[in-house]
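In what comes next, chain A is part of two complexes: it sits with chain B in the first one and with chain C in the second one.
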Partner chain A sequence: MFLDVENLNVTFKTRRGLVSAVRDVSFTLEKGETLGIVGESGSGKSVSSYAIMRILDRNGRIANGRVSFDDMDLTAFSNREMRELRGREISMVFQNPRAALNPIRKVGHQIEDVLRRHSRATKYTARKKAIKALEAVRISDPEKRYDAYPFELSGGMCQRIVIAIALACDPRLLIADEPTTGLDVTTQKVVMDLLAELTTRRGMSSILITHDLGLAAEYCDRIVVMKDGEIVEQGKPDALFARPANAYTRRLISATPRPGAEIGDLVDPPLPSPPRPELGAPLLQVKNLSKVFGHGDDAVTAVDDISFDIREGETLGLVGESGCGKSTTSSMVMRLMDPSNGEILLNGKPMTDVPAAKFARDPRRASLQMVFQDATDSINPRFTARQAIADPIRRLTDEKPNGRVEELATQVGLPLTLLDRFPHQLSGGQKARVGIARALASRPKLLILDEPTAALDVSIQAVVLNLLAELRASLGVSYLFVSHDLHVVRLLCDRIIVMRKGRIVEEGDTASIMDNPTDDYTKTLLAATPMAPRADRDEVDIAITAKQAIAE
Partner chain B sequence: MALAENSASEKAHRGFGGHVLYVLSENPITAVAFGLFALIVIVAILGPLITPYDPLESNAARALQAPSADHWFGTDSVGRDVFSRVIIATRLDMMISVAAVALSFVVGSIVGSIAGYWGGWMDAVTGRFVDTIMAFPLFVLAMGIVAAMGNTVENIIYATAIINLPFYARVARAEVRIRREAGFAQAARLAGNTDIQVLALHIFPNALPPMMVQISLNMGWAILNAAGLSFIGLGVRPPTAEWGIMVAEGANFVVSGEWWLAFFPGLALMIAVFAFNLLGDGLRDIVDPRQRT
Partner chain C sequence: MTPRTRLILFRVLQAIPALAGVILVSFILTRMLPGDPAAYFAGPAATTESIAEIRAAMGLDRSLPVQFLHYVLDLFSGDLGNSLSTGQPVLEELARRLPASLELTFTALLLSCGIALPLGIAAAVNQGSWIDHVCRAVVTAGVSLPTFFTGIVLVYVFYYLLGWAPSPLGRLDFVYLSPPDVTGFYVIDALLAGDMETAWGAARQLILPATTLALFTLAPLARMARASMLQALSSDYIRTARAAGLREGQVIFGYAFQNAMLPVITTLGMVFSFMLGANVLVEKVFAWPGIGSYAVEALVVSDYAAVQGFVLAMAILFVLLNLVIDILYTVVDPRTREG
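Here is the complex of A and B:
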């Protein structure tokens, strides 16, 4: 057995006593195999891998269990021995490539560091070997990139550098911890394909830690599903998806957006999809909108002459990858930023006559609200949930905040007992609810949803998407749903706009865009999303009934 | 419906008092600093009530006595009780430093927040103004201000406030600037807050934890600065009891062996500066809601 983890227990010393983060986790890994560890936040998937590498925080320790790597017991190793092992035998690729790279050193030097550390290169050969490592991860013009600093490179390039560092000393085991989270889907595909190809060619074993079942299914030989520090199920991807034995695995699979599934199918048990509101008169009209940042030669056109309408009760999806101008567009529609050119009309009347800086006091402010991408960042850390929701009520309406806050909390399904908590005392899903309640507080007509579920686990995402659909049906608001993920946008939207480099490349009904995309870019986007093998609901049901029959 | 959503609800609520106790117990040095700080405050408040002698009453018969049961810290050249004088001086020194720090905190925060939030020409103007102050050797600047404006306690406060202003302005500017485009600031704008409301009610309170560290470090400097001015003969005048003057007067007698004259006020000064410098970390943990779990 190449890697054998046996009854691993990891505990953390915290303010509320010992917390066990990983309980009795056992798994094995063969030479050349790729194992996927899948779970939502707090499942202990990262902590398990940190325990293997012995890089737990100072307050965490391996309480008991054995980690044997090539018949060596890693838990018995001294720190000095572990340092020798890390990078040479086992290496790791981290989630945020920009944070994993030293911002003030040239990337070439950072590759040399690890080569020199493990005596794989001398002062004289290091440069040549570093350039070779850059070539191996397909960085074009490696001689030139050797001298680049991380900030000069894109996210995908940075992740390739991190991979180059991890693979520089030909380790035998690679642990990739959410290697593509935060990257665009097309970049994700490139990075994952590269990673898979390199590990296969070098005969390495690897562990892929991810929250994305589709990604794990596409790239792993075997999958371990974790929940609350324990392994709930493991098996080959096809079998796991076709016949998930565990209720949690089933819930996770059904919560993952996939072709054919309606929004109500994501939650367990499935809900009927709420009715779509009747479409009314055009609410928002955007005409020839442009935004140019900078002047003269440095000018960058972020949004280039785009036009679209949203009708009352309609949900429009705005899809594109990072840097396509979707955030700039939503800032302009929200009147947080003035356009360089073009008009934005609300109910047929232009809004651009009041500059963005003065719009906070405009009566139309209440009609336009937004749900932010990162609920954690968008709630004032010093405000309780109640204060955060009450803020717009006090500023934009004549209502009494107290009763209204509770009404809103009930509407979004936030328990009233949580209203007096600070954001850091709430979970991701609860914070998302606070953000939605705050956005609804002033009874808006148009809500911009800026990737409202991007920072959430899939099961919470499923719940939040259903909540948004229910609210739309009961309140009749229009949504502008901004996202990078076509498969999520599809669930909620009537129409979809695909943006690239500040321009609209394709526009149409949700069904026609998803089924018959005409633009090449839309096709690429659709193809890049990793899809889990379809779990046939009937087959699952039969499996369950069979099991129950045996049990009885 | 709630997979991970209930995990946070298990966390018990604790009051502010419980939080303070936790911070103190987790960090013994902070507890020591808070103890010293409490001692200094109590002494400053009780002052005249706990002195065994009148701090200004001279008694030639008892001049220059070494520390004894009657006079714990000995007596000075005109027979005044050093212990009583050290106690009485606490209130004056604290008053000067608290007033000076409060003044520079308020003005520095306003200047720095405006520069950080609006940037542009306002940032340039306030930035150069602050740079101008920083360009002078700070103690010499304080000496100049007191010498020019007159030898009074108020002028010591103003001088100390002016030389400390740049530190607050810079911290406030940096802290506001990094939060200017944060999600919660954008959300506050959408909620109908004007720029001034966004700055004062949403962004500035989040800059408080690092400002608290600055305040606490600055209190130490302010005390030293006030004592330093008195030491060289500016500011507070004899026979008023003040640590700086007492050290200055006592320094003449150290060579002839009467060490206690300079030693005890110097010790008081050292303890005060020490306590304030250590206080910073604990204070930051207490005002930061994220440290509460």
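Here is the complex of A and C:
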């Protein structure tokens, strides 16, 4: 056995005493095999891999268990022996690649550091070998990139550098910890394909840690599902998805957005999908909207002459990758930023005549509200949930917060007992509910949802999406749903706009965009999203459906 | 021109308006001092007429804008006026006394960096260990003990009780001759002249006041070094470096410390300016002939030319110091070179 983890237990010493983060975890890995460890936040999937590498935080330690790598017991190794092994035999690739690189050291030098540490290069050959390592991860113009600092490179490029560092010394095992979280789907595909190709060609074993079942199914030979520090199920992807034995695995699979599933199917047990509101007159009209940043030669056109309408009760999806101009568009619609050109009309009356700086005191402010991507960062840490929800009631309406706050909390399914808690005392899902309640407080007509579920685990995402659908049905509000993920957008939206480089490349009904995309970019986006095989109850050949789903 | 040189040049240019402001403020500040320099200069037996005569001779009867114009013109010809109490040109006196203050300040800064940085780093690397507790104790003591108190305690213990230190009277005991003036720093000048005995004598005089000042500045430096080191050590790139098997020394000094340096440099700049202020007290306690004690004496007698010269010299020192810090920043952190 190449890697054999036996009854691994990891504990952390905290102020509240010992916390066991990983309990009795056992799995094996063969030479050349790729193992996926899947789980939501707090499942102990990353901690397990840090334990294998022995790079746990200071307060964490392996309480029990054995990690044998190529018949060596790593738990018995001294720190110095582990340092010899790390980077040379076992390497790791992390999430958030930009933060994973030393911000003030040239990337070429960071690769050299590893090469020289493990005697793969001398002072004189280091530069040449580092450039070779850059070539191996297909960085164009490696001679020039050698001198770049991480902040000068894109996220995908930074991740290639991290991979170059990890693979520089030809290790035999690579652990990738959420290597593509935070990257665009097309970048994710490029990075994952590169990783898969490099590990296969070098005959390496690898472990892919991810929250994304689809990603694991597409790239792994075997999958381990973890929950609350324990392994709940393991097996081959197709078998696991076809016949999940464990209730949690089933829930995880059903919560993952996939073709064919309706919004109510995501939760367990499935809910009937809420009715869609009747569509009324046009509520928001955007005409020839443009935004240019900077002047002269440095001018960048972030949004380039786009037009669209949203009717009353309608949900419009705005989809695109980072830098496509979707955030700039939503900021302008939200009247937080003035457009360079074009107009925005609400109920047929132009809003752009009031400058964004003064719009906060405009009576129409209450009609436009926003739900933000990061529920944690967008709530004042010194406000309780009650204060956060009451704030817009006081500022934007004539109502009394008493009673109204409770009504809103009930609407979004936030238990009233949690109202007096501070954000840090609430879970991610609860904070998302506070964010939605706060946005609804002023009885808005249009809610801009800026990736409202991007930071949430899939099971909570499923619940929040259903909540948004119910609210739409009961309140009749319109949504502008901004997201990078077509499969999430599909669940909620009547129509979808796909943006690229500030322009709308495709626009249409959700069904026609998803099933018959005409633009090449839309097709690329759809194909790049990894799809979990369907957990069909009748046992069709899962692998084939998965391939079809990817090909579609 | 590379972005780095352009940025450094830009920073140098930015210092010019600051200097102009300093000239204006130093002028206004000294005119606002209580007391009449003409009356002081005329002496206790002066009549109203003789005071008016002196005032006219000193140009103090003219309007403020005219006085300012003369002040600026004199400044550009290198004339800071004459001290009222000694009759000497202010520029000369400052030039003689400034090296004494700088020698003291730099020695103290070296001493405190030499202790604070290793202490802060060791405390961060071994968080919660005995060295961390030592660091905390030193920081607390350094913050809570005022310089005039530590100065007097040091004199009491090392001069009066133990007799290890020489008498706290100036830069050099009278048995030595001051070394030939090269840098103005006695220890260095004596070493340059090859006069080991004088160098030793000057160093012995220097050690107690420098220690007093160093104790005062140790606290902020050690605290900032520890805090920024802790933050750097918990960063993702440190985890990457560890996962790549880099040696602990390289992780701590090559990766963490270089990043932790940035806030430490900022603190260093602040500490340096605190020190210039604290100098005044320490120079008084140790009879050190620096510009701090010079300024206090001048203030007491409303010697406005001297005070003006002092304020100007200090302000220019501050501006230059900030310039150096900014430039250091651009050298250390590539991110500041953009835009």
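Here is the rule we use: the second predicted complex is superposed on the first by the 536 of 552 C-alpha atoms of A that agree within 3 Å, B and C clash if a C-alpha of one lies under 4 Å from a C-alpha of the other, contacts with A are read in each partner's own complex, and residues count from 1 in each chain.
The criterion applied here is as follows: a contact is a pair of C-beta atoms (placed from the backbone, for glycine too) under 8 Å apart; a residue touches a chain by one contact, two chains touch by 3 or more.
Computed from a predicted structure; not experimentally measured.
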- prompt: Looking at the overlay, what does A:284 touch: chain B (first), chain C (second), both, or neither?
  reply: neither
Which superposed partner A:357 touches (first chain B, second chain C, both, neither): first
Message: A:486 in the overlay: touching chain B, chain C, both, or neither? Say first, second, both or neither.
response: neither
- prompt: Touching A:385 in the superposition: chain B (first), chain C (second), both, neither?
  reply: neither
- prompt: Which partner, chain B or chain C, is in contact with more residues of chain A?
  reply: B
- request: Would you check which partner chain A:424 touches, where first means chain B only, second means chain C only, and both and neither mean what they say?
  value: first
Query: Between chain B (first) and chain C (second), which, if any, makes contact with A:151: first, second, both or neither?
result: second
- request: Have a look at where A:100 lands relative to chain B and chain C in the superposition and call it first, second, both or neither.
  value: second
Task: Applying the touch criterion given at the start, work out whether A:525 contacts chain B, chain C, both or neither, answering first, second, both or neither.
output: neither
- request: Touching chain B in one complex and chain C in the other: list those residues of chain A.
  value: none
Chain A-facing residues of chain C, complex: 127, 235-237, 239-248, 250, 254-255, 258-259, 332-335, 338
Statement: Counting only contacts in the complex, chain A reaches chain B at residues 15-16, 40-42, 251, 267, 334, 336, 357, 360-361, 365-366, 368-370, 372-374, 377-383, 391-392, 395-396, 413, 415, 417-418, 421-422, 424-430, 435, 438-439, 441-442, 457, 459-460, 463
- prompt: What part of chain B is in contact with chain A in the complex they form?
  reply: 1-9, 11-13, 22, 182-184, 186-195, 197, 202, 205-206, 289-290, 292-293
- request: Enumerate the contact residues on chain A facing chain C in the complex.
  value: 53, 55, 58, 82-88, 91-92, 94, 96, 99-105, 113-114, 117-118, 149, 151, 162, 165-166
